[in-house]
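Each of the next two complexes has chain A plus one more chain, namely chain B in the first and chain C in the second.
Our next item is the complex of A and B:
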């Protein structure tokens, strides 16, 4: 399939599936491990991908949440993510997509400006999270947050839908004007 | 390039499954009960999940029914429209929250009222229970008194019966019989003597009515001794 669509398959019982897209394999792996270590009553599955589109020969369950991991140190990861975004159906962005940027702590290594990522997230109306994935504590906290988001997007939390979570996560700051 | 990671989350059923291996029937029974409880919680959770997922699918279907505007708009216009829609969502959410709050406050009043009434009910029930207890005590006492009087009357009756029996016995005893026979014989003898004396006096052809002492004797001899 060339375009990822949300809710295109029936959900598996008690299972929530997340997809991490990013070029940094090691970071993705570590993040996925932290997420799976989280204690929750539902079964978690985490898929990793370097870029979309995903190969269509694999039989996979429906994806509940896509996390695009952008490394602020490399322009390559941003390019990859932007290319992959084209293979995601528009209805995914109603709360089932999240951007995660890592590496903002080391200012002198950053080749992507923070505003770029902010604008990207604003364009796609999706929440943007900052986290230094190399530090284990931050990674564990971020994994917790992601697991909770995943559960909400999978419909395991009664009373909270992905869209309501999206409006809750909406940041009040508008992206700075382009002069900056 | 895709990797797959999977984990069997620490579901409670896995834990209690191991507990069944321990020895002792009691432990196995307890583990089985825990497992059925876990199954119940799992089922309830699955039910909630399915409900939520169904709601999401339904809302997707409803959303897809809306016609998307076909005209190609400027990016700024699109942005403005998107923001308007987002604000609409926010306002609807806020209105919903306000409604919930007002409902909750009305509910609170009713709940307080209900609590008061419940307290009153409990008090009255307590009082009525105490009164019933007292009634029960009085009834018990009455029953006891009745039983005592019953036993006393029974005693009296047995006593009376005994007395009657004794009397009968006494009457039927042989001594009495012989005494009665003797009495009868004496009476007969005396009657014969009476008759003899009567005939003596009458045979002497004297006028016994003139002499008071003789009159008295004759009259006395007339007495029927069996009547005494």
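Our next item is the complex of A and C:
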């Protein structure tokens, strides 16, 4: 069983690579496009995958940040993310993973409860972001945020590491789901 | 414009209720906006119809134009007719019929005219690739009777034809015409276009899987547009089954019932796009994909 490990390869010069994992390719593509529109000094690359594990015969750079995209309208998307999480090494969860939920704005289409993703993110000690990716403005803002996170995880932001960013995000979190 | 056509147009327009008059005349598109504006639509219906017929005479309306008006009227009032459904059976050794609308219309008309000298055949395209055919029947010696036509509604991608059965004696001839019609057209290439990814900084990891999904979807649904269906309904009737002994429901004699209804403006296209969109696995459940093959959209699922 192939497992994604962070820091298992040498970084490429000035490159930051993100991996978006989610079942709806169109959404991932749009998000990747928005991320790449951002102006930044580093070379960005975005890999898109429906689920993990990734094909093993491919030569790919070190992955700095994994974003798991869950569509609250689709149990299928949650299932695939849950199965994919098993293929990620534990050390990735020290600030190099985040969860992104889309579709919360249309409550009547949601078949996954908000608490479910909150619990999932809490279990994996990783940040959970909400964004309706289908709305262009929201998507652009989220893309900016993700690029910033990606740069931190790639070590391109002096003085901030993935782990320190994680603890910064953690302190503003709402109380754990058991208390909700 | 001869008297027969004039009378035919007059009687057809007379049938149209006043509130539909403008809509139907506009759909007919034979009299121009300017011409219609010269008519007083507030007068008594008989006078209005007279004026309209005069305009048609000025414009030399042909039998074909009149037939077209009749088709439009019938399309609006289709619910007033009783329709029969026929299923066309393919000969076992025939290849998949590839359909060219214009060629079909041409050869259909020719075949009927060959068989029966006096027949008026008119066509009007409708939504979803459907075609309305109007046939006014005559005999070797008599002119076609325009007041008892047969209408056929054909959806080319399906083996079904709807007919308003007016003259039962001509039904076999109609059936034969469909059988005789043989259209072989070059295969139109329909490729499912994947988005051209211009940005090389985006890498798709699962291209093999994506191709598999496209292939399975194409094998299941084919290349051509799906027949338009608006809903499918599944009734499940099953007895409660449990591994545990006892429990409240284990004693229950009455089976459990569940009803699931799918509705959509275009259900089969929606199902076809589920796997490529990443909302479901490919292949889809056979309960969903069997709809076109079985020609059913109401299902009862029982315990074996």
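Just so it is clear, the second predicted complex is superposed on the first by the 169 of 180 C-alpha atoms of A that agree within 3 Å, B and C clash if a C-alpha of one lies under 4 Å from a C-alpha of the other, contacts with A are read in each partner's own complex, and residues count from 1 in each chain.
Criterion: contacts are C-beta pairs under 8 Å (C-beta built on N, C-alpha and C of every residue); 3 or more make two chains touch, one makes a residue touch a chain.
Since this is a predicted model, take the numbers as computed values, not measurements.
**Student:** If we overlay the two complexes on their shared chain A, which of chain B and chain C does A:36 touch? Say first, second, both or neither.
**Tutor:** Both partners.
**Student:** Given the touch rule stated above, what does A:50 touch, chain B (first), chain C (second), both, or neither?
**Tutor:** So A:50 meets both chain B and chain C here.
**Student:** First (chain B), second (chain C), both or neither: which does A:14 touch?
**Tutor:** first
**Student:** Who does A:26 touch here: chain B (first), chain C (second), both, or neither?
**Tutor:** second
**Student:** Going by the contact rule stated at the top, is it chain B or chain C that touches a larger number of residues on chain A?
**Tutor:** Tallying touched residues of chain A, the top partner is B.
**Student:** Quick one: classify A:148 as touching chain B (first), chain C (second), both or neither.
**Tutor:** neither
**Student:** Based on the superposed arrangement, let me know which partner A:162 touches: chain B (first), chain C (second), both, or neither?
**Tutor:** Only chain B; A:162 stays clear of chain C.
**Student:** Which holds for A:58: it touches chain B only (first), chain C only (second), both, or neither?
**Tutor:** Both: A:58 reaches chain B and chain C.
**Student:** On the A-aligned overlay, A:5 touches which partner chain: chain B = first, chain C = second, or both, or neither?
**Tutor:** A:5 sits against neither chain B nor chain C.
**Student:** Shared contact residues on chain A, chain B side and chain C side combined as an intersection?
**Tutor:** Touching chain B and chain C on chain A: residues 29, 32-33, 36, 43-51, 54-55, 58.
**Student:** What does chain B use to touch chain A in their complex?
**Tutor:** Interface residues on chain B, with respect to chain A: 1-12, 42, 45-46, 48-49, 51-53, 55-57, 59-60, 82, 86, 89-90, 93.
**Student:** Which bits of chain C are touching chain A when the two form their complex?
**Tutor:** That would be residues 195, 197, 199, 201-206, 208-210, 277-281 of chain C.
**Student:** Of all residues in chain A, which touch chain C in the complex?
**Tutor:** Against chain C, the touching part of chain A is residues 19, 22-26, 29, 32-33, 36, 43-51, 54-55, 58, 60, 74, 76-77.
**Student:** Please output the residues of chain A touching chain B within their complex, sorted ascending.
**Tutor:** My answer: residues 7, 11, 13-14, 29, 32-33, 36, 39-51, 54-55, 58, 91, 125, 154-159, 161-164, 167, 170.
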